[in-house]
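First chain A sits with chain B, and in the next complex the same chain sits with chain C.
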Partner chain A sequence: MDMSEEVLQQASPGLIPGSGTARAAKPTRLSPSVISWLQAGPMMLVFLAFFLIPLVFVVIVSFWDYNEYQLLPAFSGRGYTDTFEGCIDKLPELCTIGRTYVMTLKLCFMVWAITLLIGFWVAYFLAFHVKSKTWQMGLSLLCTIPFWTSNVIRMIAWIPLLGRNGLVNSGLVKAGLINHPLEWLLFSEFSVVLALVHLFTFFMVVPIFNSMIRIDKSLIEAAYDAGATGFQTLVNVIIPLAKPGIVIGSIFVITIVMGDFITIGVMGGQQIAAAGKIIETRVNALQFPAAAANAVILLIITFLIISMMSRIVDIKKEL
Partner chain B sequence: MKEGRSRSFYVLAIFFAAYVLFLYGPMIAIYVLSFQGPQGGLTFPMNGVSTFWIAKLFQGTGIVDLGAAFRRSLLLGIIVMIVTVVLSVSAGMAFRRKFRAQSILFYSAIASLIVPSIITSLGISLEFRIIDDLIKAHWNENFETSMGLLTSGLGAHLTWTLPFGLLIMFAIFNRFDPRLEEAARDLGATPWQAFRHVVLPIILPSVIGIGLFGFTLSWDELARSSQAIGAVNTLPLDLQGLTTTVTNPDIYALGTVISAVSFTVITLALGTIHVLNKRQAAKGSDAGKGLV
Partner chain C sequence: MTEKTRTNGLSRRTLLKSTAGLAGLAAGSGAITGFPYVKSAETKVLRYLGTAVNEGDDISKQCLKDTGIKIEYITATTDDVTKRVMTQPNSFDVLDTEYFSLKKIVPSGNILALDARKIKEFGNITPVFTKGETPGGKKIGGQGTAPWKVLYLEGKDSKKFATSATEFVTLIPTVYNADTLGIRPDLIKRPISSWSELLNPEFKGKASILNIPSIGIMDAAMVVEATGKYKYADKGNMTKEEIDLTMKVMTEAKKAGQFRAFWKDFNESVNLMASGETVIQSMWSPAVTKVRSMGIPCTFQPLKEGYRSWASGFCVSKGVSGPKLEWAYEFVNWFLSGYAGAYLNRQGYYSAVLSTAKAHMEPYEWAYWMEGKPAEKDIKAPDGSLLEKADAVRDGGSYEDRMGGVACWNAVMDENDYMVRKWNEFIAA
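On to the complex of A and B.
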C-alpha cells in the first residue's frame, strides 16, 4: 500500500466496504490487500482458467506433432510447415495460405473503412446535431436494438433480399434496369462485406459517440468565433478530440473481422476462405497443431495491428 | 454553434435515416417471412400468412430439437448472467482502490475482449482435450470428456461477458460519490451494511444492466461456443448449422423466436431499471420533510 492510501485509510477508515474499521461492530481481521484479492480473485481465476492458460496451450500445441487421429506431445514444427507447404516454391506467386491471409486483410480493411465512415457520421449526427437529450437517448437506443439479436439471424436476413430471386434482383428486373438477376449480390465478397458492416458498425458508433459527447461545446464555438469554417473545425478540433473513440472502435472492428469465420462462411457461401476459416477447417480435420499454428499467426498479425493503433492513443487512460 | 438548422443537419439526418433503414430492413424482412403460409418458400412474395412454421418448431417435427437447444441456451444464459453479475460487482469493488495485480486483471479483461474469439475457443478446447488425455492416462481409461455446457462452455461465455461487466462497473464507480458510504460509516454501519444498504441500492439499475448484458451476450454467442461447447449445441449453433442446408422458412421462424426472447428479456430489464430509477428519484432525499 502506498503512502497516499495509508493517509486515506487513516482519514476515513472503512471508506471501502470490507476493509477493517475501528468503529465497525465487529472489526474484521482481514487486511485490505487480502480483501482486494478476495474481491478480484474469482474473476482473475476465470480469466486464468479459460483465457490465459488456453492461450498458452495454443502456443504449446502449435509446436506439437500429430497424426490422423491424435495429438503427439513431442516438439515439432509440422503445424507451421504444413501450413506453409509449397509456399516457397511458388514464389513470387502467393500460395493458398498466403492468398487467404491477403483476403482476410483485404476484407478487414474494407469493413474498417466503411464502418469508420458510417460510424463517424452517425455518431457526429447524434452528438452534435441532436440537441434534446431525450431524442439523443431514443435515437441511440434505436441503433442499439438490432445488436440485441443473434448475429446469424442478422446475416441470414440478407438472403431473401440479395438472392437470385430476392427483393433487390426482382425489383431491378421489374424496373427494367437489368435483364438477368445479378449473381454477385449473394455469396460473394460483396455480401460478406455488406453483412460485416451491418453487424459491426455498432462497435464503431458507440466509442466514437462516447468520445464526441465529452467534447466541450464551447471549444467548437471558440473555433467558429476565431473564424474557422465548418470543415476546419471538423479537422482541427472534432477529429483530434474524437480520436480515442475512433481508435477503440477500430480495434474492435479489426479484431472481430480478423477472427471471423462464421459471417464469412455463411455470406460467402463457403467459397471465400479467411484466416478464421482455416483454423476451423483444421480443427474439423482433427489437425490441432496446425489449427494452433494458424491461431498463433493470426494472433501475431492482430497484435501487430493493435499495437500500431494503440501507439496513437493510450487506451487505458480513455476508459 | 449557429442557431437554427443548417444544411448539414438535413444531409446528416437523411444519412442517419438511411443507416437505420439499412439496420432494420433485412431483419424486418425475415420476421415477416417467418409468417409464410404452409406453401411459402424462402423469399418474397409471401405465399399466404400463417403461424405454420413457428408452430412446427414447437411441435419438434421441424429440423432441430428446438426444445432441448432452447432449454440448454436458457440454462447457460441464466448461469452466465448470475456469475457475471457477482464476479463483476465484486471485482468492480476491488478496483476502487489500488491492489497488486490490478493491471494484470485489467489487461486480461481487455485482451479477452479483443483476442479473436476463434482463438479463445480453440484454446479452451485444447485445454480440455489435454485434461481429458491426462485423466484417461492416469485415472480412468474409460473417461469420456470433461468438456460440456457448464464446464468449457460456461468458461468460454464468461471470457466474453466478464470484460463487459467489468467495464460497466468502471463506468458506475466513476460516477459514484464515496461520501455516501462515509456517511453510512459515520452512522455506525459495518462495511457489509454500507454495501448492502447504501452502495447496492444506488448501483442496482446498472447491475441489472450487467446481468442483461451477460444474458443476451451468452444467448446469442456463437464464435466462442463453436469449438468449446462439447457435444451439445446451443440455439445459435443449431441456427448456424441450418444455414447451409435449409430450404424452408423454419429457419426464419427460429430466428424470430430467438429474437423474441432477446427482446422480451431486454424489455423486462429496461422496465425494471426504469422503475428502480423512479423509486430512487422519489425516495432519494428526505431533506426538509421532517421525520418519517
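On to the complex of A and C.
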C-alpha cells in the first residue's frame, strides 16, 4: 500500500476498495483516531506546556495580592481595581487604562489599515504580475531582507533620518519647502506608525500572497470572459478568495501591535501610552499581580478583536 | 571536613560499582557541599550580578591577576537586578546594587549581610556613607533612601534596618555620584543655575527626563521645589497628595509640549543630547562624558538647589557560604584596595575608600577629579582616550562641593505602588 492510499484510508476509512483486506492483513494496525491523536499530540503538548499552563498561572497570579517585594497568594482583586482606578469617578473623561487602550487601538487600527493596503498590493503584484516562478521566489526573498537585522536596529535607523536635524528635515529646509524643521516627524504617533508599518508589512504580504497564489487562474479568465472589469474581478473574485490570507495577516499584525511596547517606546519618545508599556512598568516595579491583571485584560481585548474578525471570515471553512 | 568528603567520595565509588547505583548517586550529591576544599587549587569563580556601572574588563582582569578570582559578570538594569534577586536568588554569588533597592531586597530575605569586621578598609570608608557628611564636615541632604539609613542590619539574618552601627552591613559601599541636569551650552547660550529651567517654556519641545518612575519623580520634585510651588518634607518619600501635585505639574508641562522625549537607558540619553533633539535633560555623568567625547559640547550643570545622589555597593546571595563566601570577602577587600576605586574615579564616579584610590592615581588626576583644580595635563579615560585637555575644570568642582551639595537620594517610596500608577497616568496624558 503506498503512502497516498494510506493517507486517504485515514482520512475516510472504507473509501478505497479492498481496504478491508489490507486491514485483515495487518491486524495490529492503530485505529485512525489514535493516529490522529498521535499526530496532533506533540503540538498539543507544546501548546499545553508553553501556552495554556503559563496562561493559567497568569490568570491565577492576577488575582493575588502583593507588596513591595513579594507575591501574597491570597485572593485579591487589587490588580484589577487598581487598573481601573478612577474610571467611574472621572466620567465622562477617560481614566488611565481607557486612554491607554484608546491610544493602543488607534495605533493598531492605523497600522493594520496601512499594512493591509500595502501588503495586499505587494502580494497582488507578486502573485499576478510576476509570471516566472523564479522571479516570484526572488522577489519574495527580497521582501525578507529587512528581517536580516534586528528589530531594534531597524527602528533606531529612523532616528537620524527623521530627527530635528535629520536628513529629511535638512533636505526639506534646504529645498526651501519649510522654514523650520518639522517636529512631528520623530517621537510622535506618525513615527510610531511609520516604524510599525515598516516592521510588520511583511506579515501581511506572506499570508495574502499564499492565498492568492492558490487562486485558480481560470477563474480570473472566466470573469474576464464573462465581461467583468478589472475592478469587478478584484472585488468579486480575488478579494473573496484571498480573504483567509487577509484575516491571517491581520491577526499577525493586530496581535503584535496590541502587545508592542518597544517600538512605541523608542519611536514615540517614551511619551505615548501603550497597553504593553503598562505591563512593563508594573513588572519593573515588581508588582507582578497587577502586571498579570493587565496582561489578562490585554488578552481579552485582543481575543475580542480576533473573534470579531473570524466572524467576518470563517477561517476554518476557507482553509 | 576534608576527611568526611573523602569517605563519602569513596563510598560513592564503591556503591556505583554495585547494583544500587542510584542510591549511591544520591549519597554522592550530598557530599558536593564539601567539595570546594578538595578543589581549592582550581580557579575561584564568582558570579557577579549588577548594573554596568562597576563592571569593566579591566577590573575583572586586574582582579584575576591580583587574587586569582575569576569574575563572571551578569549585567542587568537596576530594575532587572532587583527582579532577579527576588525570583532567582541562586543565580548569582556577589550582588552589586543600589541602596534604594534595599527597601525591597532586604525584606525578601534573599541576601546575606556582610560582616564589617572582615572588611579591611571599612574604617576608611568615606563618612558620606557612615555619617552623612563629607570628609570636610559638610552635612549631606538625607531625603530619600540615603545610604546611612539602610547601611546596617539589626542581626545577621535580620530583615530590619538598624538605627545605629552594627557589624552587619547591608551593602559594602563601592561607588556613588551626584546627579544633576545635562545641558547643551552651545544651544542654550546662557547660564543655567536652577532645576526649574527644566520646565522653562523657553525650552519647549527640547527638554527631557527619564522614564524610570522612581528616579523621574525625584527629578520632577527637584523642579517643583525650585519653582517655589511646594516644599516637600521628604522628596524621596512623598504622600499621595504630594505625588498628585508633582504629577500634575509634570502632566501640564507634558500637555503643553515641553518634553521632546523621555529616555530609559544611557544610550537614549546620549543620542537625544548629541543629536540636538533636547538641550536640557536629566542625565548621568558618564553619559555627559560620552557626548563630550563625540566632540559635542555638553555640561553636567551644577544647580543651586543641589544634586540628586545615588550609591551602590556589594553584598552576597543568601545561598553563598563556605569558601565561596571567603572569596567574596577577598573580592570585596580587593575592590576597596585602590585599583578599582581609581578606575571609577577616572570615569567621574566616586570611590568609597578615598585613601586607597588616591594611592592609585597620579597627583594631577586626583587634583582634577577630586579637588576641582584645573587639569595640569590632558585627562584620559581609563581606556586611554582623551577626556579633557589640560586646564579644564571638572563640572561642579571638588568632591567637597559636589557631595556636599547633595539634596536628596534615589529612593523607593512607601507609596511606590500609587506612584507607579500615577506615572502610567502621566505617560497616558
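Quick note on the criterion: the second predicted complex is superposed on the first by the 261 of 319 C-alpha atoms of A that agree within 3 Å, B and C clash if a C-alpha of one lies under 4 Å from a C-alpha of the other, contacts with A are read in each partner's own complex, and residues count from 1 in each chain.
We adopt the following convention: a contact is a pair of C-beta atoms (placed from the backbone, for glycine too) under 8 Å apart; a residue touches a chain by one contact, two chains touch by 3 or more.
These numbers come from a predicted model, not from an experiment.
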item	value
Partner chain in contact with A:Val283 - chain B first, chain C second, else both or neither	both
Touching partner for A:Thr96 - first (chain B), second (chain C), both, neither	second
Touching partner for A:Ala175 - first (chain B), second (chain C), both, neither	neither
Touched partner set for A:Ser36, first chain B, second chain C, both or neither	first
First (chain B), second (chain C), both or neither touched by A:Ala273	second
Which of chain B and chain C A:Thr302 touches, first, second, both or neither	first
Contacts of A:Val46 with chain B and chain C, given as first, second, both or neither	first
Contacts of A:Pro54 with chain B and chain C, given as first, second, both or neither	first
Partner chain in contact with A:Pro146 - chain B first, chain C second, else both or neither	first
Broader residue contact with chain A after superposition on the shared chain, chain B or chain C	B
Footprint overlap on chain A, where chain B in one structure and chain C in the other make contact	159-160, 163, 165-166, 266, 270, 283
List of chain A residues in touch with chain C within their complex	68-70, 82, 85, 96, 99-100, 103, 159-160, 163-166, 183, 186-187, 265-266, 269-273, 277-278, 281-287, 290
Touching residues on chain B, where the partner in the complex is chain A	1-2, 8-9, 12-13, 15-16, 19-20, 22-27, 29-30, 33, 42-44, 86-88, 90-91, 93-102, 104-106, 108-112, 114-120, 122-127, 129-130, 133, 152, 155-156, 158-159, 162, 166-167, 170, 178, 181-182, 185, 188, 190-192, 194-195, 199, 216, 219-220, 222-223, 226-227, 235-236, 239-240, 243-244, 251-252, 255, 258-259, 262-263, 266
Residue numbers on chain C that touch chain A, as the complex places them	79-80, 82-83, 86, 103-105, 107-108, 205, 211, 213-214, 254, 259-264, 268, 271, 275-277, 412, 416-417, 420-421, 423-425, 427-429
For the chain A and chain B complex, residues of the former touching the latter	1-2, 5, 12-19, 21, 23-26, 28, 32-33, 35-37, 39-40, 42-44, 46-55, 57-58, 61, 71, 118, 121-122, 124-126, 128-129, 139, 142-143, 146, 148-161, 163, 165-167, 170, 198, 201, 217, 220-221, 224, 230, 251-252, 255-256, 258-262, 266, 270, 276, 279-280, 283, 288, 291-292, 295, 298-299, 302, 306, 315-316, 319
